[in-house]
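Both complexes shown next keep chain A, but they swap its partner, so chain B is in the first and chain C is in the second.
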Partner chain A sequence: MDFIPQYLFNGLVVGCSYALIAVGLTAIFGLMEIANFAHGQFYMLGAFFAYWLTRIAGLDFWTGLAASVIGVMLVGVLLERTLFRFLRGASLSSSVLATIALSIFLENLALNIWGPRPQKIISPFESGGIELLGIFTTPDRLSMLFLTFLMVLILHVCLRHTHTGKAIRATFQQREAAALVGINIDHLYTLTFAVGAGLAALAGVLLGTIFVVQPSMGGVATLKAFIVVTLGGASSFAGGIAGGLLLGLAESFGAIIAPSYKDAVGFILVILVLLYKPNGLFGKRT
Partner chain B sequence: MKAAARLSSPLLLGTIGLLLILPWLIGAEYYLHIAITALVFVILATSLDLLVGYAGLLSLGHTAFFAFGAYAAALLYLHFGVPLWITLFVSGGFAALIAWLLGLLVLSVRGHRFVIMTLVFAEMGRLIAYNWTDLTHGQVGLPGIRPPVLSIPGLVHIDFAYRPAYYYLALFVTVACVAIIWRIADSPVGWRMLALRENERLAEASGVDTQRIATTAFVVSAFFAGLAGSLYAHYNGFISPDLFYFSYTTTMLIMVYLGGKGTIIGPVIGAVLFTILPEALRVTANFRLMTFSLILLLLVVFAPEGLVGLIGKLRRRASAGEKAGNA
Partner chain C sequence: MSKRPRTSTMIASLPLLFTAWSCMAEPIHIGAVYPLTGAVAEDGAVVLKGAKLAVKIFNDAGGLNGDKIDFLVEDGACIPAQSVASAEKLISANKVVALAGAFCSSSTGATMDVALRYKVPMVAGISTAPNLTERGNRYLFRIQATSQMLADAFASKMMQIAGGKKVAFLVVNDDWGRSIATCYKTSLEREGAQVVSTQIFDTNETDLFSYITNVKRAEPDAIMMAANTQNAITVTEQLRQMNVKSKLFGEGSFTAKSYYDAVGKKGDGIGGLMPYISSFDNPVNKQFVEMYKAAYGEIPNNNAAAGFEELTIITNALKTSGKEEPEALRDAIAKSSTPGPSGEIKFNEKGQGYGFTVFLSQNEEAKAEVAATAQIDKPN
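Coming up: the complex of A and B.
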C-alpha cells in the first residue's frame, strides 16, 4: 500500500491541468452558453507557442511561458470577436459543429507548422527527483501544483472582490438583468474568453515540461475538459476545479486496476454522475 | 413535400438509370471503388440525418455503430463463415441493441451532455477494439473478410469479389436503406421526431412520448449504421479500430450539413459529393483536413440549411422573379 500516496500525487498533478482547462471551459459555457469544442486547442497552442519560443527563438522558460499565455489570449480575443460573435445565440448543434470544425482546423494547422513528432519543452529546473514524505516527484510537477493553486486563488479573489468579478458572477446568474443594470456584456465575454484561453495555455506549457507536446493533444484535452464539466456541473467554477482533480485522481487509480482502460474511467464516472446527480456533483438544481 | 417529389421524379429516374450503367461509364476499378465507398457513406449520412436532422439529437458517436457493425460482420464471417446476406442484418441488429442500451443511459439528458456522452462512447468503443486483442487483434485489425458468393447450382453463380458485381449489390442495399429511411422520415414517426426537435416540451404536451421517439431515432439510425458497417467490412476485407476515429463522424456530419440536414436527399448528395471531392483534392493532401474543417465551419455559419436549402432559396427567388416579370 506504499504506492497509494504516489498515485494520489500523480493524479493530483494531472488533475490540476484538467482543472485549469475546465475552469475556462466552464466560464465560457456558463457565461456565453457556447459549448466550445475547440477549447482544448488553446491548451495545445499554449504548449506549442512555448516550445517554439524557448527551443527555436531561444527565450528562457519563464519569458516563454508568459509570452505564450499572452499569445494564446490574443488568439482567444480574435476568435471571440469574430467567430464566437456569430455563434452567440446559435443552436447547440450549430455551435458544437462550428467549434469542432475550428478545432480540426487548428489541430491541422499545428500539424502543418510543427509536424506530428512529439516535442518537449525544456524545464527551467534541474533534472532529478525529489523525495517528499515517501513520494517521488520532480520540481516541474511541484510547480504545476503550486501555479494551479495560485491561479485558483487569484481567480477566487478576483471573482469575489473586484468589480469585474462581481459583474461576471451577475452575468452568470442572469444575463439580461446584468445587461439591464449597465454591465457591458461584450467586454465581459471577451475578457472571460481570453482568461479561459490563457489558463488552458498555461496548463499546456506546464504539462509540456512533464509530458510531450503534439498536435493531437488538444482534442483529448477537450474531451477530458467536457467530462470534467459534466462531472462538476456546468454552472460553478468550484465544480470545474473539483471535477478536474477528481478525474485526475480517478484516472490515476484506474490505472492501477486496468492500465489500458485508464481513459474509460472518466466515462464510467460520467455515467454514474448522470444516473445519480444529473446536474453534476456541484451543480445547482435547475 | 409531395409536390417536390413529383417535380424531381424525372430527375430521380435519370439518376437511377445513370447509377445502373455507371460501371460501363467509368470502367476503371479505382472509380468504382470510390462509387462503392460513396454508397456506404450514403447509408451512414442518411441514417445520421434521421437522428441529427429530424430528431435534433446531435450524436458525435455515429461512427461507433458503423464500427461495431463492421466488427460483428468480420467476427461472424471469420469464425463461422457467415455470409453478407446474414451479417447485414445481424450487424444492424447488434448496433441497434447497443444503441438501445446506451440510450437507456444517455437519452435521459439533452444538450451538451448528450453530445459528450456520445463522443465518449465512441472513444470507449475504440478502447475496447484496441485492447481486447484476443477477439479483435487490436491495432493489427482483422483481415480476410470476403464478399459473398451467390450460387444456385445450374442457374447462377456470382462472385461478388468481382468489383462491378459488388457495386450492384451495394447499390441495391443502399437504395433499399435510403427508401426505408425516407419512408420513416415521412411518416407519423418522422413527424414526431420533428416535433421533438422543434420543441420537446410542446411535443410532450401534445401527447408525443418524446423519450420513446428519441429512442426510436437513436436505435433506427444505429441499425442502418451497423448495416453499413457490414457492407463495408465485406467489401474492404479488412477492418481495424481506426473505424472508431472521430474523423469518420466528422466526415458524416459534413455530409449531412453540406447536403442539408433534415431532408434525407440532402445527405445523399452530400455523401456523394464529399466522397468524390476529397479524391479530387488529392493534390493538397497536407491541407486536406484544414480545407474540410473550413468548409464545415463556413457551412454551419453561413449556410446552415446546406445545398438543398440554397437550391430551394434560389428556386424561390427565380419563381418570385418570374411572377414579377409576368405582372
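Coming up: the complex of A and C.
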C-alpha cells in the first residue's frame, strides 16, 4: 500500500506526456479528419530541434524550447500547405498511406542528419532524483506536470474566450455551417495543424530532457496518441486529456499486475471503452 | 616481313584482354544484416564499423588472389521479419557467399533459417540466447558466449559482490532479455540466490518508473539488467533517480561510448557481463584497438569487437579454404581457430564458439575496468 502514491504519481506524469501529444492529434484528426500517422514525428522533431539549438548552437533551454516549438509549427504549416491540403476529403486509406510514408521519410531524414546515437537535452534543473512525501521523482517530471496543466488552461481559455477559439469549436461541431457563416476554413486548418504540431513538439522537448532523443522515438508516440484519441473521442480536447491521463494511470497500475503486458493495457482499455462507448469517452454520438 | 602486329590483330585482341582483366579481379560478395535503424541503431552502427575494419584489412592485404570483398549491408532493424527479408535479398539477389549478423537474438533466430535454406554460412556475434545453437543448424556459427555461459562463469563472483541473497531482474522484452532472466536465475540460485522480482519492459519503453517501483518493493540486494542503447541509458538514469541502492549488473550497452557520454558517472558501480573489454591485455586486442582508434577516433567496445570478429572469421575462412563458395567456407569456419581480440575462437559441432575470454567489468569514472575474467571451455 505504501507504494500506491508512487504508482499514482508515475501514472500522472506519463499520462500528461500522452495528453500533450494526443491533444495535438485530436485537433488534426478531429477537425480535418485526417489520420495523421506522422504526428509522432513532430514530437521527434521538436526534441531534435531543441537538442540542436541547446547542445550545438548553445542557446539556453527556455529559448531553445520556444524556438523548437515555433520551428516545428512552421514545419507543420509547410506540410499542411504542400501535402495535407490535398488529403482533405480523401479516403481514410489515402491519408493513412500518405502519412505513414511521411513518417518513414521524416524518421530517416532525422537519422541521416543527426545519426542513430541517443542524445540528451540538458535540463535547466538540477539532475538527479528528489523525494517528496515518500514519492521519488525529478524536477523535470514535476515541470512537465506543471507545464501540461498550464497548456491545458491556456487551451481552455483560448477555445472558450477568443474569436479564433470559438471558430475552431464551431468548425469541430459542423464544418459546412461554419464555412457558411464566414469562417475561413483554410486558415483555420493551417492554424490548427500548426498548433497540433507545436503541442507535440513541446512534449518532445520536455520528454527529451527526461528520457533520450533519437530518430525512432516518433513511432511509439504516434501509436500512443492514436490510443488516447480513440479512448477519449476523436473530436474532443477534453477527451484527449482525459484519455491520456487514463492511459498513463492504467499502464502504471497495470505494471503491478503484469509488467510484461503493460503495453497491452492500453489496447485492452480501448476495446473495453469502444464496446460501451463506440465514439470514445467524450466523443459525439453520430 | 614486318615485325609490328597488324592493327586488325590488335583490335581483335582487345575483347580478350578485357575478358582476361575482368577474370583477374572478381569481387567476393559478403553480406551482413545489422540494425541500422530503430531502437538499437546506434549499436548496429558500431558493429558495422568493426566489420568494415576487418574487410579493409583483408582487401588492403590484396584479398584472395586479388579478389577483394564487396561488403553488402542490409538493415534488419532488429525486427525478425525485416532481418529475414534482408538476408533473402543478400543471398538470392546479391549472391553473397557468407553472411554476418543479425545482432538481436530474435532476428538471428529468424535469419539463420534463411542461411540454412540457401546453405550459406552465417557468423553471428552479439546474440547470446542459448537456443540458437541448439537447433541443429550447421550453417550458423555463433562467436559469442551465451548468457548461460556468462552466468555460469560469474554467478559466484556476482553473489559475492551483491552481499545478499535477493536478486531481481529488469530486462528487455525479447529472446535475449527473457533468456537472461532464465539463465542467470538458474546459475544464481545454484549459488544460493532467491529471485524476488522479474520485470520485463518493451524496448520502445521510455518511462521505467513503474517497473523500478515494482523492483524496489521487493528490496533486492542485486539487480541483473538486460538493455541495449537507449534502454541502458534510461534504465541507469531512472534507477539513480529512484534512489535504488541494490548492486547493479547488466548485459548489453553498459560499456558503450554513447552510454558513457549520456550517463557519465551515473553508470559507475555497474558490473558488466561482457564478451570484450578494450583494456584486455592481449596482443591481438592491442593491435585491434590501435587500428580502430586510427580509423574511427574512438576506443572500440564489445559491439565493435563482435563486428570485427564476425568478418575476420569469414576472411580467414576465405584464406584457409582458398575458395569463394559457401559450402567450402562453411567447412573452413567449422574447423577454424581464429585469433580474436578476446582470444582464440573455435567452434564445437553445434557451431557454438569457445576458447576465448569473457569479462566481469566494473564501471569506474565512466570507464570499464576488469573485475574478473573467465575462459570459455568447449561446451557439450
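The rule is simple: the second predicted complex is superposed on the first by the 285 of 286 C-alpha atoms of A that agree within 3 Å, B and C clash if a C-alpha of one lies under 4 Å from a C-alpha of the other, contacts with A are read in each partner's own complex, and residues count from 1 in each chain.
To be clear about the criterion, contacts are C-beta pairs under 8 Å (C-beta built on N, C-alpha and C of every residue); 3 or more make two chains touch, one makes a residue touch a chain.
All values reported here derive from a predicted model rather than from experimental measurement.
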item: Joint occupancy of chain A by chain B and chain C, clash or fit; value: clash
item: Chain B versus chain C as contact partner of A:D263, first or second or both or neither; value: both
item: First (chain B), second (chain C), both or neither touched by A:N108; value: both
item: First, second, both or neither for A:P116, with chain B first and chain C second; value: second
item: First (chain B), second (chain C), both or neither touched by A:A98; value: first
item: Chain B versus chain C as contact partner of A:F29, first or second or both or neither; value: first
item: First, second, both or neither for A:H161, with chain B first and chain C second; value: neither
item: First (chain B), second (chain C), both or neither touched by A:Y7; value: second
item: First (chain B), second (chain C), both or neither touched by A:G219; value: both
item: Single chain B stretch clashing with chain C - from 59-67, 239-247, 293-301 or 311-319; value: 239-247
item: Overlap of chain C and chain B interfaces on chain A (superposed complexes); value: 107-108, 219, 260, 263
item: Chain A-touching residues of chain C, taken from the complex the two chains share; value: 36-39, 41-42, 44-45, 173, 198-202, 204-207, 209-211, 213-214, 216-217, 229-230, 233-234, 240-243, 258, 262
item: Residue numbers on chain B that touch chain A, as the complex places them; value: 52, 56, 58, 60, 105-106, 108-109, 111-113, 115-117, 119-121, 123-124, 127, 130-131, 246, 250, 253, 257, 286-287, 289-290, 292-294, 296-297, 300-301, 304
item: Residues of chain A defined as touching chain B within the complex; value: 29, 35, 83, 86-87, 92-94, 96-98, 100-105, 107-109, 112, 219, 223, 226-227, 229-230, 234, 260-261, 263-264, 266-267, 270-271, 274-275, 278
item: Residues of chain A touching chain C in the complex; value: 3, 6-7, 10-11, 13-14, 17, 107-108, 111, 115-120, 128-129, 131, 136-138, 207, 210-212, 214-217, 219-220, 251-252, 255-256, 259-260, 262-263
